[in-house]
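Both complexes shown next keep chain A, but they swap its partner, so chain B is in the first and chain C is in the second.
Then we have the complex of A and B:
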């Protein structure tokens, strides 16, 4: 049993090593995050200075900026698993992978997580240094780090299931790029990627609170900024419940889709 | 001029026919980008619901900003589909094909492809304006004029960034940084930036000419301000053409064999 999991951990390790070779490219690409964070700081600094919106749901300026750093790190560290699966279904690579001695989805999950971990560190360093220089730090609760790491792992697992389900829609539709753009951006808005959902109008906030997206972006970002053990426990519980549903949907799509695959030798 | 337009018409017709051959994919890409843009506007609607005024800007101004940005960018990137691919084409020697034909190299390569996904942007801009802004014919004319000048600025930036490949070799990273910087700064109200950043936005990263001035001109028309924008459009486009033509003399063939369908 242990050897089975070692096999998958090796997939993660291999992904990290292959991405490590292109670390410099990623760091150069990360300069874009410097621009994003600079613009965010200008926007929120102006907003706080004008004071037109009353209270800011308890966020100070540095807290809201750090919230955005964490939200950006979560989203930017996501590899495009939808595109990978879409391509494999279209090219027929899927048929070649199905007879390999590993579970198709687990293989991609561990590869995804390996890539994700390396990316998130890069984004956090670039984004963190940028906003530290611009607005300073905030009282980070280091003792909560293990809980935050667990939350991060489940967050990205939810995101994996979401992206993989979109990618596997290519079993039925010709092109999933439009579907991806739509569903990904719905996640952004209702997940609180660009602005914490606590600042939304009441009706939209209620809708966002009933959906899983806030557990995939804004909830974890808020926890990292305003950590409490009770908050971490509640978030982990809700994430766990949604994870069961997401894994179920992802597996169901995969099993239904695989039935449509024809293998003709070669 | 007529010959340029004739060539453009022939390519556009052929490219649309190719794109529509994969109808579902075409519609999905255009619709997807439309939704993508709508989500950004949704962010601003949510923002302005909470904070109604941002340093003199209201939701209406941001709507004009997004309409102008999407239309000007979509027009260049969608119809002149190769404009963003110049660095890649230079490095991989894909210019050989255009050099061998008796047409203007730059014009020919620019129009040789369309990008359906960017056409979604081009459609989104005017639709957004019509749906969300109270329009008069005068405002429509101002929008079209300023957005067309902004398109010239965009094309200039793409040519300048793309031509760096002739001088630097692999310039994709630098080109992407310039491009992403301009697009990001263009999508926020220019009033949130002060001092040296504002200077930057009217010089090296000319976002001010793409969205800042068009919004200002939609609020209050001024021939002087429009003249400044038109001058900037001519400058960036001219510099882009100059750098491309200069770079073309340094271009080395990739001896690439390829089939064009």
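Then we have the complex of A and C:
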């Protein structure tokens, strides 16, 4: 059993080493985040200045800016798993992967997580330093770090399943990039990527609350800023339930897809 | 096309001629398999019986409206990619499994490695039913795809080797020892720590084959391992495959369009076309009966005067200083022809090539059709 897990950990480690070659590209790409955060700070400063002087949906100015840092870090650290799987199906690399003694989806999951962890650290450092210089810090609850890390892992697992399911649509459609573009933006909007969903109009907020997207972006970002053990427990429970559904869908799509390859040829 | 001898600057020619006779085709098809030269009856590691694969393909009709309707109700046609083939491969054998594009080679290999389920028939590879026990089988087989890489491009090959050691759940000390052996055998010392993207195609292919042998597979599936390589790199790769086969007893299942790969690596050849096995024989027989034409491209110091008259040698084309000859090596041994050329002319450049595999297959296929009618 130990050897089985070692192989997947080695996949993550190898991905990190491979991504390391791009580290400076990523750091340079971080300039984008610096600009975005600068714009956000100016926008929210103006918004707060024109308001009653209190907070918005319980967020102070530094809290909402830090919320955005975490939301950006979650989204920007996601590797394009949809594109990877799409390409493998189209190029026939799927066959190369399937004749190795590992689970195809687990291989990609551990590779995804390795890449994701490297990226999130980069984005958090760049975004964090920028925002700290612009609006200062906030009372971060260090004791909640293990719970936050667990939430982060489940968040990215949900995002993996979401992206992988879109990518595996290439078993049926010629090009998944349009589908990805649409579904990714749905996730951004209803997940609270650019604005916490608590600030949405009541109807849209109710829709967003009924869907899983807030557990993939906004929910974790809110928890990192406004940590509470009760909030962490609730989020982990809801994420866990959605995770079961997401994993089920992902596996079903994979099995149907492989069967389709079997019927229609490689 | 496989250049087998070049002098001076090499040049490639395009066309060869086929001279397969109906009689030889008939002889081959009557020959019992076990009686064939070079085939020993040891333990079969691959056993295939009546393996068939039918794909359901969607047809896209012409015209906008028809295509729109087809998006909702597609027209599906059945395509028989493999039409019930039988095949036994013995342990330690080096088998060339060849055929033109779309013949059913890849589909057969995908069924033998468990990636595809057959529509009918049965197969066992090392005692496993591949499509039911794909993961268990994967531990005992290796594969190299000439056009696909398992190396991580931004990492040195040693990192891919380490990953594969974990993937195949190898004991770490045993792995290090094995890696050392392969590094020495494949002469990888100087390249194993260089990022794969900086290696030449030949160096990369050496690493690919070493990577596929790390877990000591009993069978290795090689799909066009020498594609795109220069003659020196080809020779090196062939030598490594031969050594894996001879020294480690690895069963080699090779597909290639390069006649040189087949002649130099394999004793047995199975030719598949339109999903059917059209020939299962020794490479020696194939060479004797079908690969008996060589093409010689010459560039001379003076215009060709047509003075070269030898039985079995025909002038295919001549223009100015250049001439192309077709040599039937059953009638005129190649060394005698080359000797005569060098005695008669001042040669600036000479290239000798065997017949393209496609032409050999076409000749066998034509012979088979005639034989059936």
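We adopt the following convention: the second predicted complex is superposed on the first by the 257 of 266 C-alpha atoms of A that agree within 3 Å, B and C clash if a C-alpha of one lies under 4 Å from a C-alpha of the other, contacts with A are read in each partner's own complex, and residues count from 1 in each chain.
The rule is short, and it goes like this: a contact is a pair of C-beta atoms (placed from the backbone, for glycine too) under 8 Å apart; a residue touches a chain by one contact, two chains touch by 3 or more.
Remember, it's a predicted structure, so these values are computed and weren't measured experimentally.
**Student:** With both complexes overlaid on chain A, does A:32 touch chain B (first), chain C (second), both or neither?
**Tutor:** After superposition on chain A, A:32 lies in contact with chain B alone.
**Student:** Is A:185 touching anything from chain B or chain C once the two structures are fitted on A? First, second, both or neither.
**Tutor:** Once the two structures are laid over each other on A, A:185 reaches chain B alone.
**Student:** May I ask you to name which of chain B and chain C touches more residues of chain A?
**Tutor:** B
**Student:** One more residue to check, A:14. First (chain B), second (chain C), both or neither?
**Tutor:** A:14 contacts chain C only, not chain B.
**Student:** Quick check on the superposed pair: does A:201 touch chain B, chain C, both, or neither? Answer first, second, both or neither.
**Tutor:** first
**Student:** Regarding the shared-chain residue A:209, is it in contact with chain B (first), chain C (second), both, or neither?
**Tutor:** A:209 contacts neither chain B nor chain C.
**Student:** Quick check for you: in the superposed arrangement, does A:173 touch first (chain B), second (chain C), both or neither?
**Tutor:** first
**Student:** What part of chain A is shared between its chain B contacts and its chain C contacts?
**Tutor:** Common to the two interfaces on chain A: nothing.
**Student:** In the complex, go through chain A and note every residue touching chain C.
**Tutor:** Residues 3-4, 6-7, 9-11, 14, 17-18, 21-22, 91-93, 95-96, 98-102, 261-266.
**Student:** Can you tell me which positions in chain B touch chain A when the two form their complex?
**Tutor:** Within the complex, chain B touches chain A at residues 22, 24-25, 27-33, 35-36, 38-39, 42-43, 46-47, 49-55, 117, 173, 176-177, 180-181, 184-185, 188, 191-193, 197.
**Student:** Quick check: in the complex, which residue numbers of chain C touch chain A?
**Tutor:** Residues of chain C touching chain A: 55-58, 79, 81, 106-107, 110, 113-117, 134-136, 138-139, 141, 143, 145, 148, 150, 152, 154-155, 159-160, 162-163, 166-169, 195.
**Student:** Over in the complex, which chain A residues touch chain B? Could you list them?
**Tutor:** Residues 25, 28-29, 31-32, 35-36, 39, 42-43, 45-47, 50, 52-53, 173-182, 185-186, 188-189, 194-195, 199-201, 204.
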